[in-house]
Structures are given as structure tokens and as C-alpha cells.
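The chains carry the letters A, B and C, assigned in the order they are written, with residues numbered from 1 in each.
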Amino acid sequence: VETIQIRTHGKVEFLDITEQVQASVSRAALRDGLVCVWAPHTTAGVIVNENADPDVCHDLRLLMREMSERDLPLRHAEGNSPAHFLSSLTGPSITILVEEGRLCLGTWQGVFFAEYDGPRTRQCWLKMLDTGSG
Amino acid sequence: VETIQIRTHGKVEFLDITEQVQASVSRAALRDGLVCVWAPHTTAGVIVNENADPDVCHDLRLLMREMSERDLPLRHAEGNSPAHFLSSLTGPSITILVEEGRLCLGTWQGVFFAEYDGPRTRQCWLKMLDTGSG
Amino acid sequence: VETIQIRTHGKVEFLDITEQVQASVSRAALRDGLVCVWAPHTTAGVIVNENADPDVCHDLRLLMREMSERDLPLRHAEGNSPAHFLSSLTGPSITILVEEGRLCLGTWQGVFFAEYDGPRTRQCWLKMLDTGSG
């Protein structure tokens, strides 16, 4: 398992880790297969979204907070239940296709680490699957 | 990688692509393993839901729009941030079990392309993993 | 495919199935690879979240119900569209890394069966992928 180290700076933040995932795939010399990117945290996750206009991440933050910060009789003493909720919704991992050594992403797609309870020191674990060509 | 071509007609729409995914698995002669279905778009995704009563998709559309179309100071100039948000939430892909050449789905489960910013011409990419029997 | 049998008791409930998934991986003698855990239901799913403080699951229930039980002109005659909605959002499956025969989970992570329309008798299907070491 390869590990990516991540440092987040905001409460809710989306960090583009596409290049770090691609670098891990290249280091592992994976030509054709899948790479599973896993965030070992319960108040964070991995998502895919647009990496061209930073305003998309700004708007995602607003929409995620609107959805999760509700006036409800929550009990969890740490006070970060909205972060646990967002983590469960977006999920801990993404499995990405790899061909000819490159991540198969759409034109506007990037892989993002999703921080829901930062700032913190985080990591992602990566597992490669070789399927051979075809 | 196999490609499925998709044409959507509504703003938010769920298209049943189960038969197209099964046809790709059959064409690839995959007997036992997994198939990863990836939508290379940032305002769409792939979901699994009931394929029996079309009212389920109607209600999903209402609930998804209610969740994403909020009165917030959004910045993304294209105006489709709700679609990016839904795409990040449901995710770009689904990984489905395959046994004896057939997708392993529950009685009521279908695989749907989720359009959040249509109508558009879209596609899905499919990668097969052979695990052998067992 | 291995099968896990599940009995839920609440309307919306999160059941920790980490030990059952680990037991299946051990039974299959999988050392290094991935295990895909699939819920063959359209009103349930599989999520990952904290397994230390039960208040986290309590708060997840409140936040999930708040998000899905909205005053909208829903049509599905069974009346469980909020459950279909939550099932589509969290997804039917989780793919987990395995190393040296153990699930690779973060310190606080557990695997949970997510019931959105219980109580019911449910199951999960598991597929193992051997990647070899590395």
C-alpha cells in the first residue's frame, strides 16, 4: 500500500490530489488496471469534481455546510457530527481506471481529498490492481 | 476500456443502463469478477436504484433538486454548482460483482446513469476485472 | 460470493458489520487485495463511519432523516422514497483494502450496514480480489 501525506488548512476544504495519485501509479509502474484511493478517516473522504474553476470548490463548501449544519438535537460530544455525516455520504474511497500508465479521468475531472473537520494532518492509502491490457 | 454512449433529455434524469452494462460484460466474456462503471463527467454520475416503478426516479429527482438548489451566495459562473454538488455526492462510479457472466444485482436493483445538468451527450467507461471463480 | 445475513430492528439504523466482513476475508484466506461489500437492496446501503461512540450513529440518523423526509409531492405508492434516496446517495457498496489478511481501516473506522426502511431481513454479498503482496 502506497501512502499520500496531506495537510489541510480549513474546516471544510477540497484538496486536489490528482498529481499525487498519478505519481503513486507511476511509481508502482501500473500500466492497466485500477487504483483504489482510501481515506482512513471518519470526518473526511475522497471525491471527484472539477479542477478547472476554484469557484466550484467554494460552492461545494457552501452546499455541503448547508446540508450538514442543521438545528437538530445532536448528541456526539465532539460536536463534529456534520463532518461524520458528510464523510458517510461521500464515502471513504474512489476506485479509478488506469490505462497505459495514466489515470482515466474526464477532461474536467480531478481527484480531491475532502476535509470536513480540519485543519488536520491526514493521509490516503492507495492499492493498485493490475488487470493486464484490454 | 469499453465505452457506453448516452443521450440525456432532461435537466435531472436517471437513465437505466443495466442492459448496456450487461452487454459489455458479455462482449468481454467476463465470467467471474468485477466491472467498474465510470462516468467521466463532473455534473453526472452512476447510481443504483429501483428499476421497477418509474415513480421512484420521479421522487429521486424531486429530493435531489430540493437538496441541491438552495438560496446561497454561489460563485461558479456557469450556474450549475448544484449539479457539481450532486455529482460529488453520488460519485462517478459503481463497482459491480459479476458471477457466471451475469451482473450480481438484487431483485429490484438497476444501474442508472445520473444526469444532473442535461440534456447532454454523455458516456460511461467500463473496466473488467477477472477474479476467477470462487 | 460470500453472503452475510443481517437483521435490522429500526426504521433507519446503522449496524456494525466489520467483524463479519473480517471473518469472511479470513474464511476466504485472502492475504492481499480488495474486498467489495455489496448490499443487494434499493432502500439500504453500506457506509463507513466511527465505531467508537454510538452517539455518532444517533446523529447520523437525525441528519439523514432531516435530509430525506421533506414536504414534496412524492408519487411512489410504497411511501419509502426517502429510503430510496438515501440508498442512492450512500451507494450500495464499499471496496476495502486488505493486507496480511486484515481489513485496512483507520483507527476509528467501522463498516456499517445502512438500513433506511427497516426493520427487515437483509444481506450483503462479498467478493474478494487477490492482488498479491505489494
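In this text, a residue touches a chain if its C-beta (ideal position, glycine included) is under 8 Å from a C-beta of that chain, and two chains touch if they have at least 3 such contacts.
All figures in this text were calculated on a predicted structure; none of them were measured in a lab.
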Rigid-body rotation angle, chain C and chain B, from Cα fit (steps of 5°): 120
Interface sides of chain A and chain B: same vs different residues, half threshold: different
Intercentroid distance (Cα basis), chain B paired with chain A, Å: 19
Junction residues of chain A - those touching two or more other chains: 67, 89, 91, 95, 129
Chain B - residues contacting chain C, complex: 33-34, 47-50, 53, 55-56, 58-60, 62-64, 66-67, 89-91, 94-97, 99, 104-109, 114, 129, 131, 134
Touching residues on chain A, where the partner in the complex is chain C: 1, 28, 36, 38-42, 67-68, 70, 72-78, 81-82, 84-85, 87-89, 91-93, 95, 125, 127-130
